[in-house]
Structure formats: C-alpha cells, structure tokens
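Before I ask anything, here is the structure I am working with.
Note that the chains are named A, B, C, D, E and F in the order they appear, and that numbering of residues resets to 1 at the start of each chain.
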Amino acid sequence: MKYAYFPGCSLESTAKEFQESTQLVGDAIGVELVHIDDWNCCGATSAHNLDHRLSVALPARNLGIAEGMGMDVVAPCAACYNRMRSAEVELKANVKLRDDINADLEKPFTGAISVKSSLEVFTTSEALAKVSDGIRKKLTGLKPACYYGCLLVRPPKVLGFDDPENPQSLDKAMETIGAEPVEWYFKNECCGASFGLSKSEIVVKLVGDIISNAKKHGANCIVTACPLCMTNLEMRQAAAGKLRGEDLTMPVFYFTELMGLAMEVRGIKKCFASHLVDVNSALDAITADGAMVG
Amino acid sequence: MISDEKTQECMGVIVSGCPVSPEFKREIQELCGENVMSCYQCGECTAGCPAAFAMDITPNQIMRMAQLGLKDEVLESKSIWLCAGCETCATRCPRGVALSKVMDASRQIAVKSGKTCAEPNVVKFHEEFLRQVQMFGRVHEITLIALYKMRSRKFVDDVLAGGQMFLKGKLGLIPSIIKGRREVKGLFRK
Amino acid sequence: MSDIETKIREEAKRALESGDVSLVIGWGAGSVPFKTTPIFIDKPEDAEKLVWNPACVNNLAVYLPKMASDKKIGIVAKPCDIRSIIALIQEKQVKRENLHIIGLGCGGVVDAGDLDNADFHLQDVTGLEWVADGLNVITTSGDHVIECGACLRDMCIICEKREPAIFDAKFGEAVEPQEGEVCALPELPDDRRKFWSEQFSKCIRCYACRQICPNCYCESCFADRIEPKWTAKKATPEESWMFHATRAMHLAGRCIGCGECERVCPVNIPIMQLEIEMAKIAKERYGYEPGDPDEEAPLLGQFKDADHDPGHHGG
Amino acid sequence: MSKVISQDKISDFLNSLMAKYTVVAPMPRHDAPAEFRELKSGDQPIIDGSSPMMPPKDFFLPRYEVLVNVQMGKDGVKLDSPIPEAKPRVLLGAWLPDLQGIQVLDRVFLDKKFTDPYYAARRENTILVAVMPAKLRWSWFCSATDDVEGWKNSVDAIMYDLGDKFYIEPTSDKGNVITEGSFLTDASDADSAAKDAIWDNFKTATKLPMSDERLYEKLAWENPIWGEIAEKCIACGICSYSCPSCSCFDIQDETCGSCVERYRCRDTCQFEEFTLMGHGYNPRDNQLPRVRQRLLHKFKYQHEQFGVVGCTGCGRCVELCPVNVDIRDVLMRTCSVENQETPAES
Amino acid sequence: MRIGVFVCWCGSNIAKTVDVAAVAEAARDMPGVVYSTDYKYMCSEPGQNMVKDAIKEHRLDRVVIASCSPRLHEPTFQRCIADGGLNAYMVEMANLREHCSWVHEKTPETTEKAIHLVRMAVAKVTKNDPLQRNEIPLGRRALVIGGGIAGIQAALDIADAGYPVVLVERTPSIGGHMAQYDKTFPTLDCAACILTPKMVDCASHPLIDIWSYSEVEEVKGFVGNFEVKIRKRAKSIIDEKCTGCGECLEKCPVKGIPSEFDENMGTRRAIYRPFPQAVPNKPVIDRLNCRKFLEDKCGVCAKICPTGAIDYAQEDEVLTEKFGGIVVATGFGLWNHSVMGEYGYGKYPDVISAIQFERIMNASGPTDGHIVRPSDGKTPKAIAFLSCVGSRDQEHGHAYCSKVCCMYNAKQALLVRDKLHDVETYVFYMDIRANGKGYEEFVQRTIEDFGANYIRGRVSKIYPDNGQMVIKGADTLLGKAVEVRVDLVVLATAMQPQNDAKDLARMLGISTDQYNWFSEAHPKLKPVEVLTDGIYLAGACQYPKDIPDTVAQASAAASKVIGLFSKKAILSEPMIANINEDTCAGCGLCVNVCPYGAIELIEVMDKEKSTRENKVMKSVANVNEGVCKGCGTCAAACRSLSANLRGFEGKQILAEIDALADMVKGRK
Amino acid sequence: MSEETKTIESEIEEIKQPKEWQPAILGILCNWCSYAGADLAGSARLHYPESIRIVRVPCSGRVDPMFVLKGFQKGFDAVMVLGCHPGDCHYAKGNYYARRRIAMLQDLLETLGVPRERFHFEWVSASEGNRFAELMTEMTERIKKIGPFDGVTP
C-alpha cells in the first residue's frame, strides 16, 4: 500500500518520535509513506477557531497536492487528521466552496482522494496480520491504557472509522503485540487539546482525571496516537499529580513505538530517548516470557 | 438601561439589562449551518463538556442565549474560548446539533466584530499560530512558544518543560519554510 | 425459394385436408408482381395460391385476434410474426392450441413499393427473388441485383431473431443478419423534441400504424373515444404527439419490433424509433424481451421488489 | 394561347407568379414523400407531375379547420366563425387526376343547395394548373374511370412535361394568367405534337381492360368480393386520406378552459366510428359494408348523384394500401362477374 | 347541468389569505355553474343547510364545496347533499385550505390558485356519475390480535355484547406488559391484582377463544369478510388433557434459561409458563432449549404428567378462519439501550431498564420483590432514574416522547423509597410530563414526601468506579455540570413499535407512520379506525399510551366492532373499478396488476365481430365488487379505457387537467 | 418610519419590478400519502410556491401515463407524480406497478425529448409534509431556472 504522507508541524518537532516510529513501522509492514511535497500546516484548532474558510483552505492545498500524487493521504497526527478529513468532507459536499478555494490553488482538489489516520491504516486486519507476523517479542506484562482522545473518533459522522464511545483500534493493536490493554473509562475524554499553552489549568485538571482513571484500572502506561495528547499528558502530569495529591507519573507511548518495539525494528529504541517522562518503568514491566523463540 | 430605540428594535423577549439581537441565530446558522432553535435544553452538552467546569456560562446556556439573541453575552463570554473543540457535545446531542460548531461560529463572529475577548491568551495563541502559518506555511513550535509568551507575558510558565524539550532535540532552532508561501498567503486573503 | 414455397403449400394442404385446421392465413400473389397480399385459404386445393417471396412483408398475426375461434387455424409466419403471435397468446387474444404455426426461417423482406429507381420502372417488374448478392429484381428489361442493405426494411436490417421461437412446422433457414443500424435520435432534448415535432406534423391520422399492428387489437382505441377524449382526431402536431406518445406507451414492453407500422406509414414517420428505444430499456433494465415464449405476463403486468426505482432520489 | 417554357426559366416563371399569387406546389422533404406547400421565395418545387403521396385537397379542405370558436366569459358567450380570406392562389404541379379530384370536391361543397363557405372561400380565387407528366406511374388508371377528355375543362391550365420544357395550355380564362411573361415563348407545332403524344399516351395507358364497361351499373350490393376485401382490409384510413376526391369529414368540439372550438377534420368510411350513432347503434358494424361503401360511393352513388364517378384513377390507394387491396383488381373482377343481382336497396 | 359552488371561509383560515368572495364570483362564470356563494363555515349546520336549501331552490344537480381537504370533510358533504336529495357522489371538493390558504401568502396569485382549484372541481363534478352502494354480507365474529390489556379489554367488551371473539396472543399467556408491572401509577394498585381477574374472565367467557402461542400469518378479504390464516404454534401440550397442575414444571432438568417474562432478570425451564397466574394456565415446551428436541433424550415431563398431556410430536396448526372485524392490539416494544456507548453499551450490569426494575420490585419477580443490584445482589444505597433514554432523541430514531416514562420514573422513585427508607433517589429529567388525572400530584408527592432528587439535565456519560456507577450529568437549572455516584441506574428506555409491526401492517393493509406505529384514519376524529374498514386499533400499537388510555381505546375499538356487527349488512364502497365489457379486449393485464386478485376473465356473449367465424363468446374482465378496494391500478393499465375507477374516471381526471388550460396559457 | 410609508414604498418597489414568472406544475398525487402529505404541509403552515395544481388519485397505481402525457401536451411546465414509498402502498402493491410504468414513461418522455427535469416522480409519505413543501420549492426553482416549456411539438 502506498499513501501520501502528511507529517504536520508537530511530527517535525515535538513529536519527532512519532514521525520516526511511524516510518519504521510503516516500512516493516509494507505501508509505503510518500511525503507530500511542500506541505503546509493544516491550520489546526487555530484556523477553525478564527476563520472557517481558512480551516478548509489550508488542508485543501495539501489535498490538492496529494491528489496529484494519486494517493490517499495518511496523517499520523490526530489533529491534522481531523482537520484534513473535515476539510475533505466539506469540500466534497460543498461544490461552491470547493470551486472558490480551488481558484486560489495551484493544484486543485476535486475529491478523488480521502484522508486517513495512521491509526486507521495501521490497524486494519491486513496491517495487524503483518504486524503479528513480524512480532519478535510480545509485550506481555505491559498494561497500556489506550487513550484515543477526541480528534480520532469525533465527530463520528465525519470520521467514522472507529466507535466514538468505545473505540477499539488501539486496543486491538495492543492485543496484537501481546500487551494487555486495560478496561478503563476515559479513553475518549478530552485532554484539553490546544489549551496546553494558553489555559494550562484546564489541561492539568483533565490530564489528572485521565491518568488517575488509567492508574485505577491497573495501567502501567498510556498509549496514544496524538502528539497533542502526548504533549499534554507528559508535560502536565506532574502538575496534575500535585493538584490531585496523587502520584500520577505515567509513561506515555505512541502506539507505533510499541508496535516497533514488539517487532524489534531497528532504531525504534532511539525514540524512547525523546520522551519527557521516563518510559523505563513501563518497559521493565514487560516480562521476559514475552520473547519469541528464535 | 435600555434606550428607547433599542426597546423598539427588540420586540419579543426582553432580558433585563441585555440587548437582544434576533439576527444572531441566523448569523450562526449562516456561518456553521447549525440551527440553534433545535436545542431543547436537555443539558447533555454541559454534562459531557470537559471544559464546562472552567466556563462562566455552561454550553447549554450558550445555546439558550443564542436562541434568545443575547449576542453580547455569548460573544463576551469566556466559554466560547474555552471550548476545546472535542466534539463530545456534538456526538451525543439528541437533537443532532453540533454545539461545537456554534462555538466556532461565535468565536468567528466575536473576532470579526472586534469584541474584547474574555480569554485574551487563547486568542493570542491562535493569532500567533496563524501568523506563523501565514509567514512560513508551517508552524515552528519554538518560535510559536516564544512569540506567544512574549505577547501573553507568561514568561515563567513552562520554561522548564520547554527547556527539556529543547534538550530532547524536539525543538529545532531553524524554522522550516515552505516553497508555496505565496500560495498559502493567498488563502489568507479572504 | 420455390422449394420452401412448395413445402408451405404442401403443409397447408395437408393441414386443411386432414381437418387439422379450418383455415390457413398466408401470403398470396399480389395485384402486381412485386407485391403480395394476405390470403385466407379454407379449401385444400386453394393451397396452391400461397406464395413465399421477398415481398411477403405483412405480419399476418394482425388477423388472429379477429379470426381466432375455437377452430384451429393455420398461419404462415416469419420469426417476427411469430413473436407477435406469442405476445397475442400471452395477452389471451388467441390460444396456442388453436394455432398451427407454419414457421419460416427468414433473412428479411422487402417493401417493393420503394424500389423504384433509375434502372427500372416498377411497372416493368415481373418478379423478385433472393440471390447470393442480394435481391434480384426481374424486369422486362433484364435483371437488377440490389444489395440487401439497400432494399430490406429497416427493421429487417437490425433484426436479430431470425429463427421461429415456436412453430408446428418449420421451413427454411435463417439468414445471417446484415451490418446496419437505424438512424439515431438527436442527443439534446430540445433537438429531439423538434425532430419529433417535424415528424408528427406530417401525421394525417390515418391510423394505418395502429391498424396494421398485431398488438393494437383493442376493440376500441383510446384515440377513437369521444369521452374521454384523450386525443382529438384533428391532425395537429400536438394531437398527433399525444396519439403517438400514448401508443408508444401502450406498446412499451409489448412491441416485438416487426416494423409494420413504419412500413405502412404513408408519410414515413419513424415510429419504430420510439419502440426500439422502449425495447432497449425493457431489456437492459428488466431483462424483458417482448415475444419471449417464457414470459407469462407483459412487462407492465409484473414487478420485482428490486426493480429500478425512479422515485428514489439519492440520500 | 399556348406557350412553352424551358426548364431553366422555371424559376423566373415561379417568381412572376409568386409576385401576384400565393403559389402552392409540391416540395421535396427530407426522408418523406414530397408535399404540397405554399412556396417561399427560393423554393424549388418538383414539377414533374409525379405528384406527392398526399393530394392537394388540403388546400381546400384542410385536415383540420376551425368552424366556430366559442369564448365564455364574464360578458357571456361569444361566437366567431373564422371563414378564411379568399387569397389569390395558384395550385401548380399537381397532375390532372388530382385536380379532377377537386372537381369532385366542388360538386360536394359548392352544391347550389348548400355552399360550404369555408371551402368556397379557399376555392374561389385559386387557379388550378395541372401538369401532365411524360412518365406515368404504374398505378394510374384514369381512363378506366371516366372520359378524361372532359377533365381538361376542370382545370385552368395544363403544363405538359416535354422533357427540357413545358408546354403550357390554358383551358380557361383564369388560366391565361400563367401564359404571360417574357420567359415564355410561343409553342411550335412540334411542341404541340409532343404534347398530344403525351395526352394520347395518358389516355390509352391508363385504361383498364374493362374501361368501356359501365362500372356504376355493374357494381352490386351483393358480391362475394366485398367479403374477400373486408377480410384482409385492416380498416385504416390511408385510401380515403390519400384520395384526392374523398371528402368526408367529422365535426368535433373541444373545450379548452373557458373556450370551445368546433372544428372539422378528416374522417373516413373505413373507420368503425364513421357511422356510429350517439345511442350506440352502428349500421355498418363490420368491415364488409365499410369496404363496399367506399367503392359503391365512388363509382355508383356519386354517379347517381352527379352523373360522374368520384374516382379519378390517381392510383394512390393502389400504391399505399398496406394489404395490397388493389381497386383496379376489384373493378376488373366486379365487371367480369356475370348475372349480378340488382341491388336490393336504392 | 346545474352546479352549485359553495366557497368556505373556514373562519379566517381560508378567508385570511384567499379572497373568497372573488372565488365565488369567478365560479359563477364557470361552465355549468348556476349558483355560487361563500359562507363562513360551510361544514357547520347552517352551512350545510345552505347547501341543502340551494339544491332545492336552484335545482342543483351537482355541488362543489371549496373548503378544506376532502380527506377531512368529503363524507360530511356527501351526507349533506344526500340529505338535500342528490346522489351522495355528485359532490366534489376544492381543497382551498390545506393546499392553498395555509401554504401561501395573501397575494392575488393565491386567490387565482383558489379559483383554479374550484375550476378543477367544477370540471370534475361535471363528469361525476351517481354511484350506488351495494349490500355485502357480514360475518359477526371478531378477531383480536394481541392479548395485552388492550386486547383483553376489547375481547371482553365485544364478547359481552354477544359476539364471538378469537383472541390471538403469540406468547404462551395473555397479560402482556401489564402483567410484568409491579404497581400502577398514580394509584399504586397492584398491577396483577387488577389485571388477573380480567384474564380469568377472558378464559372463562363462553364467547372468547384464547389462542395463545399463536400468530397471524395472512389476512385476506375485507370488512365483514376477512379471511385470516393463523398459525397455532405447537405447545407440545395437549390443551384438553392438561390440567395445569404444574408437576412438569418442577421436574424439567433444563434450568437457567433467561426468562422473557422477567426480562432476563430471572430464569425459567424448558417447559414453562411465563408466570404463575398465566392464562391459559398451561405450560408450553420451548423446543429450542428442550433436551427431548435437541438431543432426543430426557422426556421427563411426559413421564411425570399424570394426564398424559405431553405430546412431543405435536405440529403447528395453520387455520384459516373468517372474521367480520379485527382489533389490532399488538402493543409496543422497548428500545434496547445497548447501542448507547455513553451509557456503556448495555454492558454494565447495574445499568438496567425500567421494565427490568419492575421485575426486581415485583413480589413475584426473580428477587421476590427484594430490591438488589444485579451485579452483586447487594441492596443499593443510591439509585438514579434516567428519563428519555432513546425518547425525544431523533439521533436514536425516536423524536417522539414515550409519554409514560415521567410517571413510572416517579412511581419507581416513590416505591423504592417506600421499600428502602435509606435509599437516595435521583431522577434525571428534561421535562416532567404529568398530564393525567392525579399525575402531577403524584410526581410532587414523590419529590416532597419521598425525597426524590429531581435533577433537570440529560446525562452525558455513565461509567463504573469503585463498585459504583458515576453519572456525569448537568443541572441546567443551576448552570453546572454535576456528577452523581449511585449503586444502580434505571433507564426509562423509549417505547417503540414491535419489531415486526411493519410486517403485520402489510398483512393487514394498514399504514404506519415513520416510526412504524400504526396510523389511525384521522388523528382527531378517527383515532380508533384505520384506513381499512373493519380494522380498529387499541392500545400502544398506535403510539405510546398508559393503561387508562389503552383501556379506553380498547373499549372504543370494541364498540366500533359492536357497531359494525349490529348493522344489518354493510354497504360496499362505490368508488371501485368497473369494466366496460363492450370495449374490453380481454387481454388480462388488469388481472395481472390487481393487488387484490379482484379481477378475473369471464366469457360473455359477443356481438358479431369476426368476418368469417361467428364467434359468439369472448373473454372480458370482471370485477368482484366485494374484493375491489378501488386503487385503480387496473384502470391505469387498461389500454382500451375499458377498466375504469368510479369516482376517479379518466374523463374526470382529464376534465381536471383540461380545466387548467387557461392557467397554463396565461403563464406562457 | 411609519408603517404606512413602508407599505407604499414596498408597493412601488413591487410595481417597478416585473412580476417573476411562475411555472405551471401539474401534480398527480396519491390520496393516502403525498396528498395527505400536502395536507400535512398545510396544517403545519409550511409555505411553498403556488405553482402546483394537484389532481388527487387514490393510488400512484391509478396514474395512467396518459395523465402525464396530457399534462405536457397541455403545456404544463412540469408534471409530477408522487406516491407511497415502496412497501407502504395503501393497496399493498399498486405503487410497485406504478414504479415500472412510470419508469418506462420517464424513458419515453426522454426519447420524445421532454427534458428529464420536467417530469418528477418521487415517493412522499403522509408524514412527509416537510418533504412535500420542500419538493414544491425545489421543483419550482428548478423549473424557473430552465424556463417555460415550449410545448411537446415546438
């Protein structure tokens, strides 16, 4: 499978380990990710907060370029995915707007391609079968709380690849690599998203609720598919712990990192060094008997 | 005090002390396609909203105000800036109304009408973000953080985490700039 | 040819003599050598009057609803005529058991009134026969061979069913169809409407198309009704439109495509265009072909749950 | 005064006529037989006497003609009979039997007891110019129906097709108008001989073997041939509608909102409804009497009424009949039947 | 032709937007019209008298009423002109209200449209023929489908009037949902105490046959003459032999089958009766679970039965019975909340539906009336009741209000406090709809005297935490999000039509609304009838209803049946198909397309038509007037215009279209 | 500004602007569904353009194609036939026969060059008053866009 790859701003900086692990896992399971040439920022929350047209127009440029490549788009970042997919749906439905925006674009988007999340692409039954085949060490003992947040599952009418109230794709992926995802109840709660910088007090509270629930249900790490969630969960867990008076230290992984780990793809371990929260406590929990024979 | 002129303009409901703008709901509908009159005030949006605790006006009250035309109340509220856009309300609304979109529309109206924002930092963040996109085509996070901090005068916060990120190699020093800047700028013009 | 003609005569004679049938409908010699005329034979000795030649254009099934009785009658029929007969059986105008079908393989027939050309005059024609290269017109001034594409009726050119679908006796072999197609309708609706407007403005309302059609067996045609007067008798383009449109609708899924209506039209209205289009849709959409002996009811006398739904408009 | 006109002058001839008259002549049509039409300038009619499939009677007895318009409104009921204007016209290019057919119509519509005003208006100022072709159609049998010599008087002029030119012979005062013009030359004796040859050929070639018999006496009410024809006749209206002399029409009313239109249109004795009465009884309730009616009317009743038969032998019904009922055949066979009974009625 | 036109103002309903005087004025000039007037209320008595007087005074032979929809008042005016001395079918209506005045602004065009509508009606009535009704025989036996309280009440009322009734119930016992309830609001009567006597009455009534474990499979025929195919499913018990002693019930070894009657809160065995007071009080064998049928083993019940009533070889019996009238009382189903992810997809054992809670509260229920949580059997300390779960929720397919939930929420909140004094109750509601007799007082009592905490706000999410359920809600009156921890959550799930309601509707030829509730003939004036004569609705198969409403409607339906049966004969519908034999070619297309099989080909004498053979017989179509329902499909199919539909004849429709010629011309 | 001056002004405005052309649309509606739906649109006061004139028939199965042909022949700018959704026929199957008949009619009209947009066939139930009103507006707009029908034989 070949996809037009849209990294997005975060994966180029704060979430570079997501970028790396995505590429590595993609290579390992035969999902070829071809960079969209000269892509631009999707506009993220800021664009659709302030200027609706812009929030469609910015993704449209990327979609136009990708359409020229003749491939569906994969966006690993949940925010990029959500914005791009929303723009795609709106552009497909609203011909007037599409024509208007296309007039400003060098490469117009006609609606020939679709946007997918890397989670969606990496958790199809075929992809998981490939992962399963490639496993060298089962992650038995790792008890992740699979955290989806908002942007991967909502609004379901636009995204619709996983259940909005009890999404399963991450859990399935974790089960495939031998980890034991816990049953918990905050997997689709919001982490505060872009308030990380501007209204950190909101984020602190929400992060506290989330990690606390994960801990309560026996998780020894959280796994996510969203750079924003990652940043908030990592950066605010200390403050959240302080606020709640609990120890909320909790390693957080991108799902691709764990997939790569189980398949022991070369270079995956380098990713763990980039984490702000030490991940060793979780990695240590992986029991020895998970190692595959040979 | 409501001036005589205003009283005449707003027939219908008079909410003490609040000017009423019956056009508001239509403005919202034109911008985002949602009909606020569909809301029957069940409160499910408030119940599920992750940011409701920080809001000055609950989400369902925002809808009620929009229904009545209390435009200023809505546009001057903190709530519209504290919506994280998580879409929980839209997903669960029994009337199929996407309150999240109403929030988007309200923010856009607020910005256009030059209202003083109740949560200036949020706006500053978004403005800075978009300025970067307009300049470079992408967002350079270290510059974003730095510039945002300067504008919002929040110097102390997060210095620790920022430093750590820098050390982890996550915040590059050189912003990446795309070739199609002119094209992207063009998208901003409307 | 004459071989087949002999066989037809023998079969008719046999059937009449044995009392199998009381009557045989067939073609007889016309008033001129390039025409034939329907004849009704009830004496074995008259069987000699039956002919089979390239001018046997008439679809004799048109006589069945009028003549069918409890006595068995014989009919000489080309494959298209037989499809008409099947349609008539399906629509209860005649009973299969009351018919003795003398079926013929066919390669098409000729409407000889149109043959007049520079090479010969019709009054000089003494006979018509099929030869390898086409139609041989025998005249007092010599033979003239015309290729099939230039002399066959339009419907014969595009005809694909050249073997009798049902019969009690069969003579002759089907001849491979020629390449050819009927003229296409204009693409744009407005042009089409103008096209038909011109065509219908020619109509004189002689109703020959209806009268010659085996499927137009109604005892009282809507067009003849005074109350309700769905179409006035006056020959204006709109009224003729109403007549032809309604007739086309009445024949939708029923017309077997013998082309008699078009042949007899004194002002050359391409009536079959409508029916060809209807038949194409019936086949593509419902897999229905009129004159198919396996169908029990006409196209519009049945439905399937999963039928094409013109009332469903997207989401 | 007889004239000739060469083929290459025909357009001048037409132009000069069209300056003064509305000219009706056969115009070719794409994918359909030629039809009589009012000429527009530049039109190139076919004037070879081959005559279109539909006769020119439409110009006197239109296929559809409003007799009365009724308008109902606030001010009550308004009636209006739109009698056409008597425009000066020339009907050109029809061959003689077609125009003889108009004679037959005249007998019906310009009857002294009742003159049809609509017909009369159209007929009054029309000049009939016949064409006599050199080449005859296979279906023509004029001389079998009448002494065609007298037909010359029923038209205003005759143009004989001499190949490269026409011989123009006016047969009435009205007809003289077409012999004026510089493009005409006087006829030579050779021309005259050529046109006589055409006429003689016409007279003899359109005879049938029984032509001398008195048809109207031989056609009988009871005759097995009626049943034979009726059996194959499909009861369409081609024979009547294409007949230059059939004159039957139907009168119908049509409402359209607040107006009523009373019009007449073609009808034929071959249709079941032709004699259907209001209360449901139909004296001619099957095809046999209908077929018989058409022939007896043409050859017998019209003769009884006007002294001449109604058929002009143009052969249209012979050519067009979908089931090859050939009127010539009928006539010949009728005449060869011996010992006919006299009609029971009339 | 002397037509009278009567233009109605309908108060201001028509007159406000249509210039009625101008319409009446314009009508005066229409062909055939000799009299025209307008009046404030044509349907009122003075209005109708005006029509009758005008018929006499102006010797009218046809009438046009330009007022509201013929669907509403056509029968009214048919009766009116019949009283006035005309044939009832010589009237046509122009729908000036629904199709004109209510949907357009006041403009000259609206009045013009009204005139056109009148013109169409005038043109149509010009072509109307007088129609007659014929007498059709009438069978006086009723079928009641559904053995809930509605069916029971209807059956008893009809039988008490002296007509035989067959009561068909698909479960083993009659009783329906009401038998499952603990108490009824607002009187707190014990549901069983008031229901079971009626069930017993049914069983003992000489004119009522209860066919339990049976289902209707096919309905043919028409009012007075229905032919119904009913499948009596094999109970594996010979009814005549079984005494209902119950020995078998004790000994059946297959236990633990979730009990349908207890809403899966309890269990039953393979041979069972749904509940102890079941009627008929005889068990059935559940063949899907019985070892005898699954493995051909066991057979204990047959061995133990003292009367030899067990018959494993029994087969379904399909009977075709004749009925004169049918009462449909098939009741409702409950929405399965397991599609609601935010409430845990039905996976949390301590989130249950209100009907399950009824069973838990019920003294004869699975817990013997002890209120305990399903997860651990502990007595809850706090219970939350959520209203509108699925109801008023278009996103989950029910935009409507289920009508009874507010009341049973209150009832359950009250009763639970009555039983467990220290329990805390929370009722999350959006609005309280308590509009029956004594209802509002009842709710207030629940709040004031029984301390229920009513919280106005819809719940967004429920999740388990530390053995409790956390409810994330909002108090919209307070303007705050709230969180409540409880031990048990009771959901008032939406009432919805039975899953197979649509199938039954098709069988009966009755229509349904967008949700599949059965549609009444008129929402105001014919709430019991459906559009098919002889079929009546009772209870919640039509729309959510509480018990008093259900019983009232059941009695109404019964009285309709009794009214029907008390007629000497029924009159046929005159607007049916007819065939002109003279012109019919006998092609049989109408036979093919008739949805009711009402047309057949028959042989008739033919006028001479062949030129050779004197064919004296010909086939023509013939309509069975009792079976024809007047759809007109045959008329549309008939090419020779021989099949026609009285009242909607081709000439009438053509006249309507022709009448618009001026309009069309005017707009070019 | 007083009420009165406003009215006069707007009236003048109205006179100045030539009245917009309104199409003439013939609707043939089933009594049980779409006709009732139109009634419902009425009771719900849903406004729509006045261009439609409705002929009531008991069932879409009653719709003889001649009704539609006649409508076009008379010069209606559009003709619509509305019936009960498949499976919802008051007469069980009438609409299924109508479906085939109308589908063939649609193609015949196309063959004759009557533009497709001018003939509309749809299922509209008794409860779809909204849809009915919406459809009337849509249809009127659609026909306004393509202009008056110049007749079956222009």
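Methods note: a residue touches a chain if its C-beta (ideal position, glycine included) is under 8 Å from a C-beta of that chain, and two chains touch if they have at least 3 such contacts.
From a predicted model like this one, the values you see are computed outputs, not experimental measurements.
*Asks:* If you apply the touch rule, which chains end up adjacent to both chain D and chain E?
*Replies:* Touches both chain D and chain E: C.
*Asks:* Going only through chains that touch each other, what is the minimum step count from chain B to chain C?
*Replies:* The fewest touching-chain steps linking chain B to chain C number 2.
*Asks:* Where the CA atoms of chain A average out and where those of chain E average out, how many Å apart are those spots?
*Replies:* The answer is 51 Å.
*Asks:* Give, as an integer number of Å, the spacing between the C-alpha centres of chain B and chain A.
*Replies:* One centre to the other, that is 24 Å.
*Asks:* So what's the Cα centroid distance for chain A and chain D, whole Å?
*Replies:* Inter-chain centre distance comes to 91 Å.
*Asks:* Let me have the rounded angstrom distance from the C-alpha centre of chain B over to the C-alpha centre of chain D, please.
*Replies:* 89
*Asks:* By residue number and range, which residues of chain D touch two or more other chains?
*Replies:* In chain D, 231 touch at least two other chains.
*Asks:* Mind pulling the chain B residues that touch 2 or more other chains?
*Replies:* In chain B, 53, 88 touch at least two other chains.
*Asks:* Residues touching two or more other chains, restricted to chain C: which are they?
*Replies:* 40, 222, 229-230, 300-302
*Asks:* Which pairs of chains touch each other in this structure?
*Replies:* Those chain pairs which touch are A-B, A-E, B-E, C-D, C-E, C-F, D-E, E-F.
*Asks:* Spell out the residues on chain E that touch chain A in their complex, using ranges where they run on.
*Replies:* 340-342, 345, 463-465
*Asks:* Taking the touch rule as given, give the residues of chain E at its contact with chain B in the complex, in rising order.
*Replies:* 342, 388, 392-396, 430, 456-461, 472-476, 479-482
*Asks:* Per the contact definition, I'd like the list of chain F residues that touch chain C in the complex.
*Replies:* 65-66, 69-70, 73, 83, 85-86, 93, 96-97, 99-108, 110-116, 121-123, 151-154
*Asks:* Residues of chain D touching chain C in their complex?
*Replies:* Listed in rising order, the residues of chain D that touch chain C are 29, 31-33, 35, 53-54, 63-64, 135, 137-138, 231-232, 234-238, 240-242, 250, 252, 254, 263, 265-268, 271-273, 318-320, 322-326, 328-329.
*Asks:* Flag every residue of chain C that touches chain E in the complex, lowest number first.
*Replies:* Residues 23, 40, 65-69, 71, 91-93, 217-222, 225, 227-230, 250, 297-298, 300-302.
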